[in-house]
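First the structure, in the form of structure tokens, and then the observations on it.
Letters A, B, C and D mark the chains in the order given here, with residues in each chain numbered from 1 onward.
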Amino acid sequence: MFFASDNSGPVHPEVLEALTEANMGYAMGYGADAQMEAVRHRLRDIFEAPEAAIYLVATGTAANSLALATLSQPFQTIFCSPVAHIHEDECNAPEFYTGGAKLTLVPGGDKMSAEALRQSIAGEEVRGVHGPQRGPVSITQVTERGSVYTTDELSALCAVAKDYDLPVHLDGARFTNALVSLKCSPADMTWKAGIDVVSFGGTKNGLMGVEAVIFFDPKHAWEFELRRKRGAHLFSKHRYLSAQMLAYLRDDLWLSSAQAANDSCAFLADGLQAAGATLEMPQANMVFAALPRATHQRLLDAGAVYHLWDGPLNGPEDEMVTARFVCDWSISRDEITAFLNLL
Amino acid sequence: MFFASDNSGPVHPEVLEALTEANMGYAMGYGADAQMEAVRHRLRDIFEAPEAAIYLVATGTAANSLALATLSQPFQTIFCSPVAHIHEDECNAPEFYTGGAKLTLVPGGDKMSAEALRQSIAGEEVRGVHGPQRGPVSITQVTERGSVYTTDELSALCAVAKDYDLPVHLDGARFTNALVSLKCSPADMTWKAGIDVVSFGGTKNGLMGVEAVIFFDPKHAWEFELRRKRGAHLFSKHRYLSAQMLAYLRDDLWLSSAQAANDSCAFLADGLQAAGATLEMPQANMVFAALPRATHQRLLDAGAVYHLWDGPLNGPEDEMVTARFVCDWSISRDEITAFLNLL
Amino acid sequence: MFFASDNSGPVHPEVLEALTEANMGYAMGYGADAQMEAVRHRLRDIFEAPEAAIYLVATGTAANSLALATLSQPFQTIFCSPVAHIHEDECNAPEFYTGGAKLTLVPGGDKMSAEALRQSIAGEEVRGVHGPQRGPVSITQVTERGSVYTTDELSALCAVAKDYDLPVHLDGARFTNALVSLKCSPADMTWKAGIDVVSFGGTKNGLMGVEAVIFFDPKHAWEFELRRKRGAHLFSKHRYLSAQMLAYLRDDLWLSSAQAANDSCAFLADGLQAAGATLEMPQANMVFAALPRATHQRLLDAGAVYHLWDGPLNGPEDEMVTARFVCDWSISRDEITAFLNLL
Amino acid sequence: MFFASDNSGPVHPEVLEALTEANMGYAMGYGADAQMEAVRHRLRDIFEAPEAAIYLVATGTAANSLALATLSQPFQTIFCSPVAHIHEDECNAPEFYTGGAKLTLVPGGDKMSAEALRQSIAGEEVRGVHGPQRGPVSITQVTERGSVYTTDELSALCAVAKDYDLPVHLDGARFTNALVSLKCSPADMTWKAGIDVVSFGGTKNGLMGVEAVIFFDPKHAWEFELRRKRGAHLFSKHRYLSAQMLAYLRDDLWLSSAQAANDSCAFLADGLQAAGATLEMPQANMVFAALPRATHQRLLDAGAVYHLWDGPLNGPEDEMVTARFVCDWSISRDEITAFLNLL
């Protein structure tokens, strides 16, 4: 009954097998391994982007921070949602990697609207050399609150950015959960909508610790490599990152794992709703559901693991408190059913 | 016949097995896994340092840069050898992580002498606010040229640093190769000699990508945690780092692997010398041997892999050219013998 | 009819004279001049702070950025108003000098309320190593909208900061305008209220380009000196900064200049109001007044210089548009009267 | 008898007068003053560079650090002399402003030779993404040891840089002292030799605190403006910087002041030599002369002010100790004669 995070579950067995297969003899280090060449080809095919520059790192924070540092200058500001992971949960890593750029929080909820983005960008107009300069836009897909931008919404945001000649980054820590939710192609959800760079997450979807960074225009490729090395994120035994990503992309493991997580979350949400919880039906693998405090207390005491979101555990017993429930690829129907039965 | 680097070999099978064992169910992320608790206990025992603060990262560059950033201020200078990895091979990662500290290169060879270190430190005295301020001393053990500092030499260097109240960092990417060479205890080679912080390498000795950073005085512990997170080096699925390190420390795998590498290198060096190469007998798992250029050409053409060190492959055929040969834990006597036969 | 800014007016003649007086023979550079010793004594007396560490720099941005960098760590966040100069008008200088700290904007207007500050600080509680850590609070006095915090308000803000053990910085670019408005002592407005460090402005009040940074607790003194040098803000011919500050503090020139500016602004505001403008009476030397767009057009065409604040110059003629009017020490009643006559 | 530094002397009276003249009414701030427009025209004429982008800052460290930050990337290394001011005397300001670039010290003395520079640049070739990347070359003219590069020497260094497509910066803190020594044109000593950016010093030659940064190719202009603002080096009351520089360039004051300083130094050197000192005749306004320690003791006791360079004041009385003597524009023959009489 573990719904605390999709980065606490196990690695998919096929990924572990791939590590064992990769563990033969010597291999060139630092990204010059043969598996990385295969990763590049596979991702270029999947994204219909034959020119894309593609790199692997081991954490999502590294993927986001290095991508943004490559796209921005230290005297610029990055536009993002007030609840963006890059703002709230990376201990100033973007500020560190960019050399001191700012983050401008576009007013609104977890999803930025094109209009709010336009106003925020326009608002940086008046100060000339005194204000920070406009820098990249960073969009989180799936958002930190479980929403999924439609391709039309992504296109509208990118169009605003393009009006100001700003590059767009997609934080896709849960890229595939959004993709299978939208039932569109990777190209549709990225460069066809106007995205320039993607953090293509794997860790939350069954890998041990691998994320790809994809630049659709390779002009920044060498700079990214230098920033990755300087950031201490270039692995000597790089083949073990490549092998994970290859296994992920083989036989649609990435898609089936994300589909499984999303389906589990829908099943869970149905059950929660049936049990009286207040919620919006999940778009991906995360649901926010309000239950009476006493119910939370009982569930947590019984061994369920998840985070309360808008209130502490102590307080009036019948007050509704929202909690976040996340399903990963590995959770079984039995486990969810056990939880719902408890509920 | 692969002697190019000890970070290109395979992962030890016991380490891979440990990953599979660790791959059960859910685990708290970000270093709160149970395995990490075991790692901490084990390393504190091994180092006879019950108070030590211990962290894992995935690359040696991260271990060194984060350790040095925690020990220094951006207006200071770090004292190291002119051939130190932190100076030559990390694309300014120490400068990045420290926020712009300088590296002062202590004149001499790969091993710093206490006298040269003292002169370098003293030399920063005269400039007051204008010069960089004195910061930590960083010692590489095994050095980049294969030498091993004796514990007396380490003590002498640390004594100089202590005279100026400067902390000392040990870059131990090949810590265990030095340890088994010296036949001393980990405590002897570190805090008993005066070392404050160690980068305790695992990747070059059979791990997939794990290094420990050990602070003998835990006062910097929380700052290090923040710097690690901000540097994007805190792993969500941290248990897979812990599991590697636990396997490494179990049944003396770390010691036997390093011994195997050193023994292989001694065997190789004997053979090279017998074949007419000019060399100094290796102290750890690395030997620099001079052979005629034509011989290198023949060996490389036949499939041997290693780096020429002081000259290009084209030039007078009978000129002696030095090459670097590194043995990792996995290389077999058969393979070395095949190479020597070729020679 | 120049009301655009108080940093565009002339230098007070007594200050220029002091430069001429200081221009005799040789003087020790880099802050070791005799005048600086006098500045230190004078400011310690004025602030009733015999232990204070005191430094001079040439720009307000330098004073603020260096002070905040000395008080904070790169993994922290600085709490300030959404319209703070350090956020809006310094092109990421605080982010640069702190090595990538964040600025947390306390919701509300130009003046932070103690309650809003407490909520913002408390809000950074939950994320552990993932969120930025709590850093200094920075208060702007006079605010960017012309308000003046009372000493009670300052004390309340500082009390919140102290509850969380956070240091407090006062951006006093218009320190003296606030002081003469409050009719309190410099000590009352600073350390007695709980302020730890002050940027004590001179440039906007008749100096050529000098601000003092005052640390009431001198523990950070040497670090500040190193940061100032490293930031390229240590002047070789420092005596000319000292001489300006000395002249400023002699014969209460600082107080009379600020009083003159405030009085001019009150006179202007009276006239604006009499002419039908909508405004709040100024607390210091800045007034925001709404007039019909057509009136602005006429005044600006006639040579008045000031900034429109909440709308462009083109638009409906009778729409009310707010403008900012700032008075410096030098503006004459005649000039203001000429402007009011025009109006 | 003050020979300690050329930045401790007074400001030229004509410069002070210019400040008084500039002190009339209001002026646009932040570099938009009319005087700055005149400075730009004048310097473009003087340098025969009609396209040059020109900026003023108040310290030499700011000029150098901002220029180098604009020319380099944080993953690069800057090539300079081991005794360069940017390495020894700026408390890591270049490292700070560049975001953590490295400085590579070209072996040799105060003057870099083209051959040594070529070897240093070539030496950074082999490490690919692991080593720092090649960045700008920075040349100090006059050097920190008083030497002056000929235009041929400058051209040879720039030719090496151009072979590797690297930009060249000239640290001209004593630009005019070198210029009048070489009797060449400013264009000859800069862009005609291949220099891309100049720190054109004024402070050491009679200004209060102004240096110009001149980019012969204006492509970096806007970036420099942003870096200057972000570095807190953009002055609100900028006209007072402009006025100083205008006075400096008017009626050849810059040239006559430098000539006076150089002539004084030659006169001093003659006298020192006649009195038995060992020295090389100065090329600009600085001479290094060895005298017996007892003589130094006597001179310093009698009130002469200068720095011993290669030894402390205590030691064998008859040992020769080198001292540095610097003459500024203001020193009189009488004062030098008094010193020589004492000697």
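Methods note: contacts are C-beta pairs under 8 Å (C-beta built on N, C-alpha and C of every residue); 3 or more make two chains touch, one makes a residue touch a chain.
Being a predicted model, the structure only gives us computed values, none of them experimental.
> Going by the average position of its CA atoms, which chain sits the greatest distance from chain C?
B
> Tell me which has more C-beta contacts between its two chains, A-B or A-D.
Counting C-beta pairs in contact, A-B comes out ahead.
> When the C-alpha atoms of chain A and chain D are each averaged to a single point, how far apart are the two points in Å?
51
> If you average the CA atoms of chain B and of chain D, how many Å lie between those two points?
That pair's centroid distance is 42 Å.
> Counting only Cα atoms for the centres, state how far chain A is from chain B in Å.
So the centre of chain A lies 34 Å away from the centre of chain B.
> What parts of chain B, by residue number, touch at least two of the other chains?
74-75, 90-92, 96, 99-100, 129-130, 133, 226, 229-230, 234
> Sort out for me which residues of chain D touch chain A in the complex.
Those residues of chain D that touch chain A are 30, 73-75, 99-100, 129-130, 133, 223, 225-227, 229-230, 234.
> Could you list, by residue number, the parts of chain C that touch chain A in their complex?
Contact set of chain C toward chain A: 74-77, 88-92, 95-96, 98-103, 127, 129-133.
> Inside the complex, what are the residues of chain C that reach chain D?
So the residues of chain C touching chain D come out as 2, 4-5, 7-11, 13, 16, 19-20, 23-29, 57-62, 65-66, 90-93, 96-97, 203-204, 208-209, 226, 229-237, 240, 305.
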